[in-house]
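Here chain A shows up in two complexes: once beside chain B, once beside chain C.
Right after this comes the complex of A and B.
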């Protein structure tokens, strides 16, 4: 395989993998602390991306402002969904399927509200108005400023999140909740407060990842939904509970979607239209062959459920 | 405003019959036996793809003609051939239809049977939901990308309903509607009997507490596989009828939203209640058609408002309200008690 093609696909793997990691960490957090496989996470991402688009068109093209406002908007939506839907439902002690269905419905409602708004204001497939600069160029690859935002932002957020989980009282309470819900309540952790804060955190992550994803590609109401199963694949590789496992899973999913797919295309002529099947096959294989995820190696390294 | 009410009613009846089949199938699997089938679109699509293959490969053979590859350069001759056969040779069309139903039911059943064994492997129960959901998407992507099945993303047209040879188009649609409703009614009677039988009680026991059922010596894995066989076969039959009804097989019809629609039906109607599944199917079909008609009328009046989006929002809101305020559904699950149970109560 020609070098430029390989390098290009590796760069894409890194970039998309970082974004998947941010998204998948949100899923893992919700699953561990709230006990909810949240498919509406997709729409929090889309909300973030659209906020970024609107902000970039109407307010400012400063990336920090864009990311900040997107994160806030997605966190607000996540919190509203929590108080309007998930919390009242949880009081009825529902089965996981009920919660799963509810998260599907919330996602559906948000997605089509976005469709309505986007249709009204004619915002389909727009690009976020940030200046695109080429920061590095060789014969094989071109790296734009976007690449240098995505990867360090991810790294910074992951480190911050890890510090928060490990060294702050809130992080300790979240881990306690993830570990044993009843016990956490008994020892006097204010469960509802921790849950609300977790939702805010999850929303912030989703918003930032959505804005970055929107800058990386283009923005449309289906973008979160189309990415969410890849993101779930990443979270499942981490057993839906491990911090490090989720991040590694994200890069692995992205690597197989981009680089492995590129190799298959080059050597076996596999059409790129099969690319969306890659994360799905990963999900099925992991769930069937190793449903606990690949976390056992990392369990000593700061899993959420220990 | 110019709506042909009679034709609308017939179309509604047909859609209702197909929806009812899907709802009864899911109700058996989840409502009665507790298997979270989030892959209803997968099993429905298996039926539709089967129809796509038999109508292009098997039917010419039955008519004694040569099979023409249905895609690419030979698309038009192949389409003409199958239209011609269905128009002129009713016997061949009907035979092909019957064979399609049988093949679809068997394929759907076998796939469902196989997949149910995955339950044994997954760690958390909702993982099965995810496996089924994702399995449906994989099949869809493969079918959309691999030409010979239904011409990849182009889809197959001219998959006409079996009464197409009648000169009177209205009569043909009435007959088809009646047949579809007949299938739905048969499925209803069958599952009603199943639920009331000792086997039905066994299914509910598995749903309520798998360990207890196992400790009483019941083979839970086999029971789940059996009910998945029955349910998936029904769903595949519904898929055949679905494809024939719209006359077109396209991989884009069998997406996650279809699965969700069926879930809305059974949650709305009442989990574990076959009558509820029928009620849910009726309500969802009516809502679906009404919103579709309103959307078309509004667009004709020049409204810029996209009513189609509201349909999805409406369904999501209905599902959430039901889960929150009436999780047992419109018609709650009836208590089927045995004679012995009633007598011990009386004493």
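Right after this comes the complex of A and C.
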């Protein structure tokens, strides 16, 4: 495979991997603190993307404004879902399967509400009004404004999340909740408050990732759902509890879908139509060989597993 | 008292039995199945198509009543969800619950092929108003694709344009489904037959999250082909996929240095709303072919009736569903509600039906054989697509005024 092609592929893997990481962090956070493998996360991402689209068309094309309002909208939706569905359900002490099913249902309802609105206002397959600009060009690499937003935003949010978890009272409460729910309640942690704040945090992450994903590609009501398998694959690699593991998983999934797929196509002639199978193969391999994901490697170092 | 009651009931029964036949002659109802995607990404098409069919049935029933006929049509609908499995389930449900023998729909070629086995085995007739994939062009089956022509015509138009523009090689990026594969294969065969050079096809899975690796591979293939002569890209992608692709290709030095062709749904002003995409298409001398609707005596009455009934103008292609429903109902009126008989008579009825946009006429595969295409490129100010030529599928005549 020619060198420039490989370099180009690696750069694009880094960009897509960063987007996956942003999406997957929210899932890991939900799983750790709320103990819910939340499939409705896909729709929080879509809500973020559609907010970005509407803001870019009607309010401002400033990326900071777009990302900020998208994050707030998705956080609001996540909080509403928590109060309307997940919290009342939790009081009945449901099994994980029940909660999983509930998250599927919430996601489905949100998706079809989006379909109705999108159809009503003719917003299928639209581009967020943020132009793509080349910010760096060399012989083998071209980097755009989106690359320079996505990668630093991901790293910045991961650092901010780490700081929040490690150095703030809320972070300590969240970690306590993640480690032992009953003990956290007994020692006086306001569990409901922590959960609500966690949902806001999850929504903010989903909103930002949705807006960036929308700027990178295009916006339609299925975009979050179509990405969610790759995103879950990344979270599973992180054992659904380690942030560093999740980020590493996201880059690995993206690298597999892009660079590895490209190598397989180039050398073995494997058709790109097999690309959607890559996250499934990764999930099955991880579940078979290392069900705890990368958590073990990081359980003393990062994230909620300390 | 009890005796009186029994006598009364017997008298009533006798009265019913003795009634003249005309008074008992109940309305005979034919069920017209409607299998369309009411949910999912194609949901808005399915909903609009369903309204077009509803209008056709309402008009037909009114005419039948006025003519004193005792036949009436009623609709039985089911959601295909836009998938092959969903289409098979929808058709099966309609047939098994209502006894319908004729189905209008489904929408896409994948859905049509999904339902094919069931309809073939049970002598059910499918009248598909908008399926065009070459893969469903099969002779002697019960699938009729009226009004909208097969993609074989569009593939031929692209091959003629490619030769006319002097392309020696073509790289195709296509969705890996019956529609994309069919168009890609037809184009390759036609381009080769017309003396073209190498054609490379890169398929991608439907509903992609990202087309990064495919774009990189396309770039590498185009780079290789360029060394052997003028090379162009043919994009057989849906709108959302094209938007994802263009985000990558617009900064690719190889892919921005060649000319592009693209299928009908890419001649969409929405693509030009993004300044970067508009610039890419304009610089690439982008060209697209699109099936042309013509005005017939039925065009405006359909729009007026639809608007009056539903309070809004019909959506894209809704008139095709209206026409398909009329062809199906006329066929049933000729031979009764019998799938096998409808299958025999439908080509004759179709070939004598003036549609709302084009005269229906079927080929040996039961597919629309009259196909006129407009050829479009990006206007100078990159705000719209303008007509620069035509292609007549029946005669193979290309007229290009670039």
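Here is the rule we use: the second predicted complex is superposed on the first by the 303 of 306 C-alpha atoms of A that agree within 3 Å, B and C clash if a C-alpha of one lies under 4 Å from a C-alpha of the other, contacts with A are read in each partner's own complex, and residues count from 1 in each chain.
Just so it is clear, a contact is a pair of C-beta atoms (placed from the backbone, for glycine too) under 8 Å apart; a residue touches a chain by one contact, two chains touch by 3 or more.
These numbers come from a predicted model, not from an experiment.
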{"item": "Fit or clash - chain C, chain B, common chain A", "value": "clash"}
{"item": "Touched partner set for A:148, first chain B, second chain C, both or neither", "value": "neither"}
{"item": "Touching partner for A:88 - first (chain B), second (chain C), both, neither", "value": "first"}
{"item": "Chain B versus chain C as contact partner of A:119, first or second or both or neither", "value": "both"}
{"item": "Contacts of A:261 with chain B and chain C, given as first, second, both or neither", "value": "second"}
{"item": "Touching partner for A:101 - first (chain B), second (chain C), both, neither", "value": "first"}
{"item": "Contacts of A:287 with chain B and chain C, given as first, second, both or neither", "value": "first"}
{"item": "First (chain B), second (chain C), both or neither touched by A:226", "value": "second"}
{"item": "Which of chain B and chain C A:218 touches, first, second, both or neither", "value": "second"}
{"item": "Touched partner set for A:276, first chain B, second chain C, both or neither", "value": "both"}
{"item": "Selected from 8-16, 62-70, 116-124 or 188-196: the stretch of chain C that, after superposition, runs into chain B", "value": "116-124"}
{"item": "Overlap of chain C and chain B interfaces on chain A (superposed complexes)", "value": "112, 115, 119, 271, 273-274, 276"}
{"item": "Interface residues, chain A side, partner chain C - complex", "value": "2, 5, 8-9, 12-13, 16, 112, 115, 119, 124-127, 129, 131-132, 134, 142, 144, 216-218, 220-223, 226-227, 230, 257-259, 261-262, 265-266, 271-276"}
{"item": "Residues of chain B that touch chain A when the two form their complex", "value": "30, 36, 38, 118, 121-127, 129-131, 134-135, 137-138, 141-142, 144-145, 153, 257, 260, 263, 267, 304, 306, 309-310, 312-313, 315-317, 319-320, 323-324, 327"}
{"item": "List of chain C residues in touch with chain A within their complex", "value": "39, 41, 43-44, 176, 202-205, 207-210, 212-214, 216-217, 219-220, 239-240, 243-244, 247-248, 250-253, 270, 273-277"}
{"item": "Of chain A, residues touching chain B in the complex", "value": "37, 85, 88-89, 92, 94, 96-98, 100-102, 104-106, 108-109, 111-113, 115-116, 119-120, 229, 232, 236, 271, 273-274, 276-277, 280-281, 283-284, 287-288, 291-292"}
